[in-house]
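The same chain A turns up in both complexes below, where it pairs with chain B and then with chain C.
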Partner chain A sequence: MVEVRERVQDRPTQAAPCDVAIEGKPHAEPLSKDPIALSSKPSMFERYGKGPEADVPKPLEGTPVDVPVDFQGLEDLARASRRALVSDKMARIAIEIVAGLVVIMLAALIAKIVIDGWDKLLDWNFLTGKPEQFKEGGGIGPELFNSFYLLVLTLLVSLPLSLGGAIFLSEYAPANALTALAKTAIETLSSLPSMIVGLFGFLFLVLQMGWGFSIMSGAIALTMFNIPILVRVISQALEAVPQGQRDAALALGLTRWEATIHVLIPAAMPAIVTGVVLSAGRVFGEAAALIYTAGQSAPALDFTSLDLASPACPWNVWRPAETLAVHIWKINSEGVVPDLSAISNGTAAVLLVCVLAFNLLARVVGRALERRITAS
Partner chain B sequence: MIAGLAGGGRGTAARRRPLPKAQLEKVGIGVTGACVVLVIVLVATLIVMVCGQGLATFTVDGVDPWAFLTGTVWNPHASAADGQPLMGALPMIFGSFAVTLLSCAIALPVALCLAIFMVELAPEIGRTYFQPVVELLVGIPSVVYGLVGLEVVVTWTRSWAGGTGYGIFSASIVLAVMILPTITSLTVDALAAVPDAWRNGSYALGCTKWQTIRSVVVRSAIPGILTALVLGMARAFGEALAVQMVIGNAAQIPASLFELAATLTSILTLGIGNEASGTVYANALWSLALVLLVMSLAFILIVHLIGKKEEVTDG
Partner chain C sequence: MNASSSAVLGAPATSAPASALLATRDLTVSYGAKEALHPTSLSFRKGEVTAFIGPSGCGKSTLLRCLNLMNREVVGCTMGGRILYRGRDILAPDVNVYELRTSIGMVFQQPTPFRLSIAANVAFGPRHHGLAASREADLVERALRRAALWDEVKDDLKKSALALSGGQQQRLCIARALAMEPEVLLLDEPCSALDPISTFAIEETIRDIAASGVCVIIVTHNMEQAGRVSDRCAFFYLGTMVESGPTLELFNAPRTQRLSDYLTGRFG
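Moving on to the complex of A and B:
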């Protein structure tokens, strides 16, 4: 499969139809690989195509010249193939330029965010200090902690749920209405805007359940946002395990459940870990689902407090908790902080560095697990 | 290999022989089935609750649904001459569709070029460098896009178009960058799914690479590309914060792309927390959420229909 693909890629992009037939012997020298060069020098069609009055070299000895040749048709063909080669070249260049521009744009985007926030990124007081509403010099300490705490809680809820769902859909998947319904539900959830999920969280968790703006509401809303992503990556990881392993486990008398727990999940672990960490990056930066569930205020945290009912206790899940992403949005839409631009650039840089770290971590951990599994 | 990772409790379990195999299988399907049922219930609750809340405008406040969808004045605090609250959602619906279509028109050609480059022209470079780049673009939080849009795109638009710089144009640029990775990665999947034999057949007929890409690869991948486009549209339609930061949030139908406008999501973002629930204004906002939900479901339905049509033509 791969070899075939390789061969296709190596194939020179030449369109030189019927270069053998006219002269009556195979082409002596290989055609130029460069289509531009090919079109700049007079081709054999041009030399022969001008009719009898043109300067036609004497036919070679023993060449069948009596056969009537459709010079016009050949010339059209030659022109068409030259045009095809030129447009091939031009399209290739255009696509390469676009691809290059996108990469440059992304590099510029990341460079801009990091450079603008560089001062704040290295400022310990900013990273740990408490936010200010009307004064300069606010920090993002509580927001930074809230983001990670919410992420951990979200993963605690969504990971088992998604694992179960993914195993059901990729290993059992009985051909019944439940499977069909589950597939539709997860697909629906994955294309629903996170705004809608946030609104539902506001309606159901904050108001109806009476949880108020709290970490708990936020974590459940984020769970709904995260489930379709996780189910997809875990299903893909399970499906990538060779069928032979499944068959072998079943042939040994294991049930599907045992086969999944003891054989498939360990084998799929590197891909699962990579997917989960990547999804963690997306949860970390999510804001629309949190504005009306986890709230937009960050009470100052007292890390010595262990009173789970106190709003200052960092571990209290019933306190409102603004995250980094919500913080950026809030200070920009309120616009009252004097050093608005510095704070939001700094927060954006912290957020981006965290997301980059998640991406990097996903790759490193996935590769390390892979090596451990395949080596032992 | 397996024992190292999951064999922790296996020895004791085997000695105790806790459950017969058939029962164990039932436990497995029960546990995983419960997860699935929970997800289904959550999604169903979501749809029912948002719909129920959104319909209150029409059932409780007695607003004519047609007037809601086509009215152009949005001021639910005030009432018109006939006593009906002034809630015309058309400016927001128009704004949402305008930014969605415009951003897709910008993003689709670029995504197509990127995907062709990654699949057809340079698969090696595509896999090693472009794949991570696309994944990274997905990972950048939407507020960060909004912030950069606010600082770069809005300023740039203001510098040559005049006005405030906020508006549909700026929002579309920001959204185009945001949906680019979605459309690109799905288009890559669609192009890569075209069998190599079709490419080789085209080459054997003497076609150049570009002719092959244009008339064989892309043409046969059209259903997949359409799916990518629709999912990109769904993402653009539902994006809230980045758009809200750069569109200006004035509930009016703008005369040009450079005037303040609003989308369903931007008005929802600003309003929903500030209104006590049960008021006319809050109900009106929930009706906007209902429109958003219905449109999102419509996008999912379209993707389904494309998939089904593809199955029919393939079979």
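Moving on to the complex of A and C:
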């Protein structure tokens, strides 16, 4: 009863008559005690009746209360919506469980890697020292540098090529069979096993071209499987820019090329940065393609050397260069140092931190770039 | 061809009147083998607003996109006849379309602000055509004032244009086109994505722009809008320019049954 009165007080003149009909209890108290009765307008109870014994005017012809209420229909409806609520809740719980499992698995993996490698991760000698062949206590200094150097070189080669390819495919290429073939080829290349790329690099770059195991061979091999990913990501980003942006730029008298450079690329920049980060992550973690191209040895580096022909010069692109990922593989497959599991775990942790750091860096750079472009 | 379609918006059909800034002569547009616009001859003068009206797919936007040669960007689109701008045929192969578009501006159906600040959006065109940085602030203010947006954005010129409302974005696009000081402004259903208040603001702006001596051509679905903003009107149906003339005459005494039916809402 109280419930009914409260609802009526909320909206004294507009309360739906069926509210009373559904809640359906007779009015027990005298009308004068009803706060609503004090108002000048007739209360809902006066107008529509308050129960079987009520002595109040009948509702007017044509008012909604005359419409027979389909109680069965209302109950069915209520049951159906209860069912929908339950299934919605269950679906939500199921999704949350799955998502939670994924997060737990990933978190556990990361925690395991970081915990196992924690000692080495904070050990400056390990991070900068040179690897040992037989003794314990070797470091990963050259490997760490090589990983970054190789990544930068690979991006230097693959980014301009991919940008060019993506711009051509999305902005210039006529919609014909040749373009479709090129797109299919790129899709196929992007799922090419890295071992194949590595063996191709070994046969062609290392042997045929005579480059030997070198950073250059590694960078070109990595470029080969980096390009398809980048081209796909960049051309998708460019295609996602609304046609109106192109039209608007052209209508201002820009050429197609100017429109691409000044409007489309800035508009696609966030997606391009994401693509670069993704591909960089792959390059960082790549081992198979590098074993056969950049080699498995890491000559000690002398950072004071600027003699580009010397194997000790860090910037020499013709020296063999083992990366972190290759180091993990090599230590585990043919390492003879006594502390190999500690080194392997430490390297894995360093690799993980590097990938994370690169992602953060790329995001910061991307955001700064965007701010520069959008607020100039 | 309908007799009236060769009539030049109330002027003699023989040659472009001296006052016509822009004119089409038997202009046709085809997509592949299909002729989307049958021979059309119209003239447009400075300081006047011309509206293209007609049901969807009648060729009015197609014609509009010829006037700044945007159709050149569409694969498979060919144009025939002549488009005379200042007496010169701009369909001639030696015409520099990029230069042409600096004096024939265009605003599209959906607002198309660039991912730039408000000021950079307005200055975008002039910057690319060699505007000195020292003149930029003046030019931005002038263009925004003409588009009736200055008072709303003068304190936020460095903010992103994407933060503006739809109506403001569309006026920003008008300001961006005006910053090039065009002689002709083409508007392709500029209000179809906007609410009535923004629409009203843009219609006011259009009248002011025309009053400042620009030749304005607007495509619209909305008959009331055509009545409110335009001096002259051209009615299109199925790729044919059926009737053209001063808007009031056309609306009060349509010469063709089709326009009469369209005006009374029998189709369209």
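In this text, the second predicted complex is superposed on the first by the 256 of 376 C-alpha atoms of A that agree within 3 Å, B and C clash if a C-alpha of one lies under 4 Å from a C-alpha of the other, contacts with A are read in each partner's own complex, and residues count from 1 in each chain.
In this text, a contact is a pair of C-beta atoms (placed from the backbone, for glycine too) under 8 Å apart; a residue touches a chain by one contact, two chains touch by 3 or more.
Being a predicted model, the structure only gives us computed values, none of them experimental.
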item	value
First (chain B), second (chain C), both or neither touched by A:244	second
Touched partner set for A:126, first chain B, second chain C, both or neither	neither
Partner chain(s) touched by A:266 [first = chain B, second = chain C, both, neither]	both
Partner chain in contact with A:348 - chain B first, chain C second, else both or neither	first
Partner chain in contact with A:149 - chain B first, chain C second, else both or neither	neither
Touched partner set for A:255, first chain B, second chain C, both or neither	both
Chain touching more of chain A, residue-wise (chain B, chain C)	B
Touching partner for A:224 - first (chain B), second (chain C), both, neither	first
First (chain B), second (chain C), both or neither touched by A:96	first
Chain B/chain C common contact set on chain A	253, 255-256, 258, 262-263, 266-267, 373-374, 376
Of chain A, residues touching chain C in the complex	174-175, 242, 244-256, 258, 262-263, 266-267, 370, 373-376
Sites on chain A touched by chain B in the complex	1, 4-5, 8-9, 11, 13-15, 17, 81, 84-85, 87-88, 91-92, 94-96, 98-99, 102-103, 105-106, 109-110, 112-113, 160-165, 167-169, 171-172, 178, 181-182, 185-189, 191-197, 199-200, 202-204, 207, 224, 227, 231, 253, 255-258, 260-263, 265-267, 269, 278, 281-282, 284-288, 291-292, 296, 325-326, 328-329, 332-333, 341, 344-345, 348, 351-352, 355-356, 358-359, 372-374, 376
Complex interface listing, chain C residues touching chain A	68, 70, 73, 75, 98-102, 105-106, 108, 110, 112, 114-117, 120, 124-125, 128-129, 158, 160, 173, 176-177, 180
Complex contacts: residues of chain B adjacent to chain A	1-2, 4-7, 10, 21, 24-25, 27-29, 31-40, 42-47, 49-50, 53, 110, 113-114, 116-118, 121, 123, 129-130, 132-133, 135-144, 146-148, 150-152, 177, 180, 196, 199-200, 203, 206-211, 213-214, 231, 234-235, 237-241, 244-245, 265, 268-270, 272-273, 277, 286, 289, 292-293, 296-297, 299-300, 303
